[in-house]
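Dropping a structure here in structure tokens format, bear with me for questions.
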């Protein structure tokens, strides 16, 4: 779509949210929307006039659907980014008093798409594939882009097309620990991908000794946000590799992440 | 703040979300965030390495905090915008199949701030005050702005400063039915204000025969979105009256609204 | 177990509640328990002494796990039991103002077990099997029991043993419309079974023109409560066919059902 | 009411559950019931016949309304009853693996009511009043009852009559640490009262160094369950001081408590 002011194309990078969307086991029961106020409930033309309202309730884990991870989401040996110890002053039953998602400013930044799937000539990288440093370097060279400090880097694996097939989606490709480390070295503000967990799910990194090594590196060691479950198909199909990236995490005070609807705005 | 690309100032228009924020009675129990996965839960350096995760659950009504109303939120004698009858094909227990919030595109539009509080020389309009057509016309003249088709109009009453005093906030000022009608005539894409319900709460409009007449007019009759509980103090203090307005409602399929974090970007 | 007063055996008829238990599609996302207050959170021996608390949140549909259906749960052509029309005075977004589950008194009644599975010489009736009037009559004769007015009748299909295999459990046997009608004629206070929906799921009754005919008959036409997902294996194994039945639905004001933990007390 | 089998009077000891009921601050947002499936939603006489369903969702903290505390609810210097250390094997994000509420058997026991309010000649003990050992001893003498091992002791302060006035209710009387210790010495299975927290809220015990000393003593040190927010007015008005007490906590696996509807059955 074009923005209403008439010029730039705006690409919507959020997947639709439904109770059926893919959910990681630790985030069950995922997402639900229930409509309890129905229009008929209060309709009384004599007393209330013609106007009626409907509304519902959202019950969701903050790491479902397209979302951003706050820095408090991960710890490195029970220390948050910046060396903050995880204790009762920082971590409470109602969320974190430091590094919660409300500390992420509205993101209005330069963005680049590294389209690994296209570079490798496939619709979607195979399940379990770990994107390498070479993959990213080749994308940069092929597309004529670089990862700049303060920018946002989106990595396309092609997995977004499997959103409606949760088992296939969850088993998808991811980003290797080395590639996360390479990206972190370039000091982006945030990174993102079109899969559930940025990393390849379930694979323990031999060097770091943990699963989801990119989470440890990016969030807890480098202070770089991760955006997950992006919908990158339209952006890639349009061949748009540089854009203004806008993402505004909700200020859910103390939360470890937020649902988001990022957009890429062309020729800002 | 400045955007990370270096130039434009970005104003954050969202109020922080906490369990204590003001909530309209029909939207109780409002908003809660509960952190159930704590970092210590899984910390096992031998088996799991140094990485741990924390995360929680969000339980909220979609009309709490800074949010946008979808067109299905209101009916006019049991018809939605465009004359769509409210029946079981359109309204279900899991939300609406037409005019749900997921149908709102990412909003990237021209925005204007009509600062009524400043024009009237007060910090905040008094509780129950209904902004008039004259108020809006004077703001436009004073500020040298006009309401253009497809733009977004934000009306400042000054009420945002009472966010931490729920009783005072909920009893705040609002927009009169005439002012809503005047705005609707200019065909903006969306309107917004710094109060709970756009309209003056609890007042029945004699002509339309209902409370919240702006809701009936804007949503059900004109198809214009309403954004509520905006934080407009910084934007007003900076004297920024024209801006690029960006607001990306979450695609909560079938929902009657969405929490949002709108931003105003200066000198786009 | 024996009651603590020393005499009677007490049989626990509730299935355990977990996030993994079988759930009917219309009752998703079922049941969750999330522990957000952890003991460490507040532990401060200097200030707070040795005592700490932990607690969590329950999110559940009322028709999950072992539960009782209130009369308002079902309508017969939009009329509740007793001919009450379903309108906005009776049905609200916060529940029913008539025939809600809080109107069910504590049930302390004579109970009988009709053990159809044993009578037919099987561990569990086959999936889709519909218990007939003959099945019930034979059980009564074989066991030397009768269905008395005001009593509670529990029908055992053997399906309870599949509780940990949700697909198998949900596809289980049920009670035929004729058997429901036969039971209703005897005017029990409540009936119950060891399956998800009393009736055989998904089968449309040719005469009544609807699925779950027992629900229509028992709740909407006869005013007889239905208890679902009972655990009847221990009771059957002990050969106890007559007992004092105690079941205390929570007074969830306006709700269409309640989770319960019924017990059968022998030789009351 | 009389039980349906004809003889004994059955007293309902549960307060009604509504969104407006008193809630302790640490248990906000308390309790909600939202009806999202309305009867009209699916009514289609041609296709679906006359039967329709309605149902909703319950969102509640387990320590709201009339409820029982599980042993895992309290720790004594991070040890649960029996000396079990609070660690990640015992305490998880989904609840406790030891001493959860599902371990409480159905309670069918001898019960006594110690009616302190009546003994002191008042409708309700004053806010902040702490029931003493003498109060309990006098009640036992006056009423001719004793606290027996394995029995359930209900203490009436008269506070139940303030259920609909949450501020007054929450500020009510409680049981002193000495009285809790005296009761614990008699080894009842469970104790209960008609207030929010058994103990006097907010008062730090000088000897134990913590608030809610009865919680520490009864749950963490003696393994005695506590039942809170009982409705004891009818039972007291009837002068019934000995009864069969039945209380069946839901098997919410891992939870720290359960809503309950206890009953007192006279002349069992």
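Chains here go by letter, A, B, C and D, matching the order in which they are written, and residues are numbered from 1 within each.
Definition applied: a residue touches a chain if its C-beta (ideal position, glycine included) is under 8 Å from a C-beta of that chain, and two chains touch if they have at least 3 such contacts.
Keep in mind that what you see is a predicted model, and the values were worked out from it rather than measured.
Here the chain-to-chain distance from chain B to chain C, counted in touching steps, is 1. Among the pairs C-D and A-C, the greater number of C-beta contacts is found at C-D.
Computed from the mean C-alpha positions, the centre of chain A lies at a distance of 42 Å from the centre of chain C. Averaging Cα coordinates per chain places chain C and chain D 24 Å apart.
Across the assembly, chain A contributes 19, 34-38, 40, 43, 56-57, 59, 91-94 as residues in contact with two or more other chains.
Because contacts link each chain to all the remaining chains, their graph is best described as complete. Within the complex, the chain D residues that touch chain A are 34-36, 38, 40, 56-57, 59. Partner chain B is touched in their complex by these residues of chain A: 1, 3-5, 8, 10, 12, 14-19, 26-27, 33-35, 37-40, 43, 45, 48-63, 65, 72-78, 86, 91-96, 102, 105-110, 150-151, 189, 204-205, 208-213, 215-216, 220, 244, 246, 248-257, 259-263, 265. Chain C makes touch with chain A in their complex at residues 19, 28-30, 32, 36-38, 40-44, 59, 88, 91-94.
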